[in-house]
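Chain naming follows the written order as A, B, C, D and E, and within any one chain the residues start at number 1.
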């Protein structure tokens, strides 16, 4: 094929035209609440031409002028073929936003095409070079799709929590925020959750339960993991494997017997009950993670400690544990996350609203005629702490404390 | 150590009212009452679990269907309930409501309030199209035919989510309307094939005029409020919302969420009749105070008495639109509570008495429903079995499968009868 | 003091015997080096002495006291690891002082000893750094510092220099030699490196397969190896070995010349003759003990290594001056320094008078 | 000869190692104990319960309930007053043997006549009722007079708690077994459907999460500005509480007021809103062949894939970053195109981690309860085995049947776990 | 064919210039070795040639064709990596044949070429094994096999032997030499190892800081280094350097003796004198060019290295025969081989006639 390069430019441009227009249109809709129907056909055509112009100008001469020119062409095409309404909105509806939309469309199209078509000639291309372009396009699409896929639900969650039921019902597409209403009105759902629905308590309970679970889990799993990974004793291999099996026992299988027994012992509907169950279910994971980490710690460090006159316990406390801080942090984070997010046992065990965890509290919001924004606000309240801690710790975890202790 | 009181009225405003009442009670008797909200859907499980753990509360505010099963299971202290009713004078209670809770030679629990289910319809459209009020299967089907025009307008919004109580209620209402019942004086009675098939075909017809998917009260209300449904079945709790008095469930038919327009366009029917039962029937629900077997009996008696007497209007004021008084008055003034109730304001974010929102005829129809209200097993003395039949959700499941065209009507009835016979 | 005695020490890992009954006496103040091929048990032996590994059989005595069942902390030894094994979460100061701290010494005392060690090892400027911020050589110094401060009765080193680059290795080698001279403490040192072994050791212990092949000073091992294994193991490039036969006071290489055989009185007859590359001279063809063809001539500047294939026998390596240009493929005669010949019996043992 | 010394390994373990083993056991004991109590114990109990006809209410062992009341309102010393004990058998179908009531009479109460079942010893009242049948009720009246100390009591009946003793079979601990639960579970029309749904859900949920994870990992394998941010973002679905994301999806997909449906209808993609979580199936036909597309199940599977792709993403990314870049350079030198590099180099290298992830995710998805329970409650054709455990055990209050389903879950699980241990490549070190 | 020409090649990593304009001609069939201190740009230069790294400035020609902008696949070269970079999931056969498979050659052809390569490299017995099941040397052979089958115009090696142990390294070195002889293909080889460089190369390129210091045959570099850097870099142990002064045809060591200075005609005056350790003889005190004290005598068997501190000057290293026992601390005279002296100007350049 003599003109593979041109063909690729056209197809790549068309794809980006379509995708960028779709995303811009939907975003416009969600931001303004006006229903923008993206004119995909016109956008594809504009994109294709844009791509072709870029390639035609050749990589060497692809200067600012080339980009501006290509963008102008795309603008003319998209306007002409959509009958001057690229979002199928009359021009006098949210004109400012429409303008921004077009601008973003052209900018994003130019950016995507410029990156994807870098180095593409008009004429024949080797298989290697073709595939390089395919991969760029695929990756680009991947970024767009994944980001939307992941971010959209969270975006909707937050935005919904800031609206009122009637706004939501009136126009489910309008996720804009009306800042003029004032802070208290904007955060009304949150205020109500904390004042009327007891969410302050739930937050406290969740925090206490999660932190206590973390502490208990570490207290149990650190010695266990150390023993399994470092000490020699009969049955060690068996034990270290079966840990993983226990980790796989489904909670739902445990629920019925635990429910029965805890009911009779009066442990159901109490935080003590949760604080027995949660660590028990997290210890195997924690033990497994820690054991792996302890194995990875250079044995020489501990041997150096032994030579320096420490006992085993001394070695664990003074050397292994300080060195395992990153692992302890990540295990803690993981266990915290499990405990914070845990739903089944909280749901089955807790009846008394004074000791609801957040998960349990949010379920309660779903059960009666509670407005939806409250439910979403509850979801936000349950999500923010764990996400916050996750983001904060993620950075923490990177520091490999052992770096530099072994080898140069 | 005070009393523990479980209530299914768990919305914060309603909870607050109940807590107020508890405070008033404490002021009077010195007995502390902890009000514990329980989601109605979980009530059965929760109570059973608490019973198993020996951890029952003292008093439970519960719907009709639990009264007899719990009495049998040993959860409720029926003797004490009887004692309370006697002390308050059985004469002052609406006899139907009391009858529904009668157990052995007393009462399983103390009836508090009640309501009847309603067909809520767009009076304006019916009038414009010259349709009769939807009081019969036939009238409904005619209206559906005329008005069904999706997605702008659905003829009906039927309940199809099988694990929601709502579907059980609507189905029972529809079946009762055609005189279908699964019990007689001796216990289970196979569903009458002809009548049941009529009801099933009717239900299928209105389901086909509904949106796809699992529907329950939520969708019914949303669609009707959005002006996209011609008819729905709902409880009277909708009455204030219809008039735009509650922000969390606003009518969206026009831009004004506080508009009373929809209320004025709405007609209400409580008694529905099928072809084989021209008299028709209304579906009523009554709520009770149950005193449990683990209760501190004396204190519990005090509390229930208080709530049904001095505190009765407060009890009703929790949601007057859905809580019609069952105790009409006391010894001195037989109309005391009825009168008081009528003046209670409804609504959440804005308030107004019902009399301001609906014309008198409508209100009369609403309240009058309670007189003809019935449930399976009430007249037969088989409420307990009927409750179990309902709780087993067998009917819901088979009806749903019938709607989904999985088998024909006759086969469905046969299957249902076979499954229901197993329920004890 | 640090006299160490191993008495028939064995080590089994399950059914695998790694140390096969070793007797060894180490005098106080001696610098002893363990060498041997990889996997021969050098590290294991060191770890048995340190107490990090349990002795399966036999006994270990330190200064006359049986410590076989003592944990490492009870033996009063210090160890320097190949990987340094510094505590990454402590500063250099803390690293060095750690052993004293665990022993509960007062702070001032720790401070004093750490400073003294830092002086000796020129670590003063780094005392507040973490190991991460040090170069390889500095890390190794810290590791040694950590060993010094505890004033152990002996130091154990397991290939302490093998992670360093060549230049640093030389420098640290001098450092360790200097330290030994200064402290006079017993040192036991495991290495792969010939140069380290030859230059540092008072006494080299050659191990093979968990057994001691020979113990002796570097010169002893080079000049008078006990057996073929030690002969080929010590010295680089390694000793050439050729088959030979003996009659009376004369030895003969098959098909080549021969010479005087001094150990005629010995009980066994040699079957092999060993000669180191540096003890062979290239002479014109026809002269010398053997004749052959130069297969490869590796020019290395100072020296040229000739790979000469002796007619009918093996290829042997000859070290010649780099300045001599001998073409590959040329025929040469080889003259062996007869004073430097080694003769081995069939069982590999050296034949001595 | 050195070799001659001893050619046999020493028996037993030395003192140092013995100390070590003892320490190890000590350190493991607490963990061992709690896991035994909370995991292994219940696991066995589950088997036990599954062969017992137990409902939720049966958790309360049959006992005699007693209620003490004071009848009459004595005003002055010597007024008549009645102590009334109401007793009943809490069980509807079990008798209770040797029922004995014990209480001490309140101060100042003078008993008139002793009922025949009772004896009085000082102030100690003991009444024996013998064996009582199911549903048994009894009203025991002690008539007497009140004296000053009695009048002074605030709540005379409550001064001492009456005690009742009696023997009854506890259904949980007796040795009556039945396979009724299993019979019911396997007989029900639903069970096989549930099993099928479970496997659909598990297989497609797992594969979906894996494929998404693989793709996402490809995206973030090369370094660029903002990669850290995206990596954090991509982990959100996994880190957030299930309750929050599940409800968000429900709101997002709501047919009447959800953003997504509004978008689809308003932009003219579909005519009528789609009830993603509520509609069992969409019917369509291909060449006249009527087919059903399980809509709700698919949506639930999509949720599963969305929520758990970050996990596979993390592991795959870690594995990819550990692939030696030299290998790709070698492939470049070998003339492999980017696709060939992915297909011949990356993918085979990832096979190990992918298979481990598949097995792990398979097991976890199989075990998953919360997600479906919160999204659909198991309706509209999305009921899996785990949801069935809940439905049987709690919604229908039949613990035995629930346990029976749980046993099925566990058996399937053990099968997979065995497979897992058998096939998991050791070097992946998960 | 595989003539490679580098024309003012530069490489910048951001603002850091790593290769500073290199001109180099490599003839077809030549064995060229890049040496230089760590970080001098050897690997980078090799990667520029291979195309794995983009050239910032300048041009690279292969057989007269400008390939500066070609991807690696378009240059027809093969590369052998230090880490082998074998595909662990493929058998040896697949590894070796992979390059042919991506090129779409027919199966039979691939099979034939792989067998041929396996023959050459003695890999026949391992063809169906995975790399994991191979020893280091075998892996390296597979890596070479992978390079061979594609019949490249040149081979590029980046420290191919540095992951092997000493014995294997020697063996593989011979292998590579043999291969070069057999194939006659151009080879470019990066190494740290003096011995490899000296023994393998037709031409050694000494790099420092991204610049070529000298290009020449091993003997040229050893005997006639262009500058101080090359003089000290090539040869082991490295050349001793002492300050000196010159007057006419005579050079002098400060405070010691002197001798004949042959390059009196040269434009610059030398300030430093270089002498390799192997070109110094120990003579009785008072004789020779310089006097000093033996500080350390390192006995290595064949040789003894003496560290002699020359009075008033530096310490220098002297290589003597191992048999000579010279005590540490003794005073000696040192005689320099006057034919082997090197003189350097102030700028480090060698002074030549």
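As a working rule, contacts are C-beta pairs under 8 Å (C-beta built on N, C-alpha and C of every residue); 3 or more make two chains touch, one makes a residue touch a chain.
Remember, it's a predicted structure, so these values are computed and weren't measured experimentally.
Each step here moves to a touching chain, and the least such steps from subunit A to subunit B number 1. Common neighbours of subunit C and subunit D, by the contact definition above: A, E.
Highest C-beta contact pair count among chain pairs: A-D.
Averaging the CA coordinates per chain and comparing them to the mean over all protein CA atoms picks out A as nearest. Set against the C-alpha centre of subunit E, every other chain centre is closer than that of B. Centre-to-centre separation of subunit B and subunit D, using mean CA positions: 32 Å.
Inter-chain centre distance (subunit A to subunit C, centres taken as mean C-alpha positions): 58 Å. With centres defined as mean CA coordinates, subunit E is found 94 Å away from subunit B.
Per-chain Cα centroids separate subunit D from subunit E by 68 Å.
The residues of subunit C that reach two or more other chains are 51, 71, listed in rising order. For subunit D, the set of residues touching two or more other chains reads 17, 59, 257, 337, 394. Residues of subunit B in contact with at least two other chains: 49, 52-53, 222, 226. Those residues of subunit E that touch subunit D in the complex are listed here as 50-52, 71-73, 77-79, 81, 83, 85-90, 98-99, 102-103, 146, 150.
Listed in rising order, the residues of subunit D touching subunit E in the complex are 324, 326-327, 329-337, 340, 344-345, 348-349, 351. By the touch criterion stated above, subunit B contacts subunit D in their complex at residues 44-45, 48-49, 51-54, 72-74, 77, 79, 150-151, 161-163, 211-215, 219, 222-223, 226, 293-294, 296-298, 392, 404. Against subunit A, the residues of subunit B that register as touching in their complex are 10-12, 16, 36-42, 46, 49-50, 52-53, 55, 222, 225-226, 247-250, 252, 255, 257.
On the side of subunit A, the complex with subunit C involves touching residues 298, 300-301, 303-311, 314, 318-319, 322-323, 325, 401-408.
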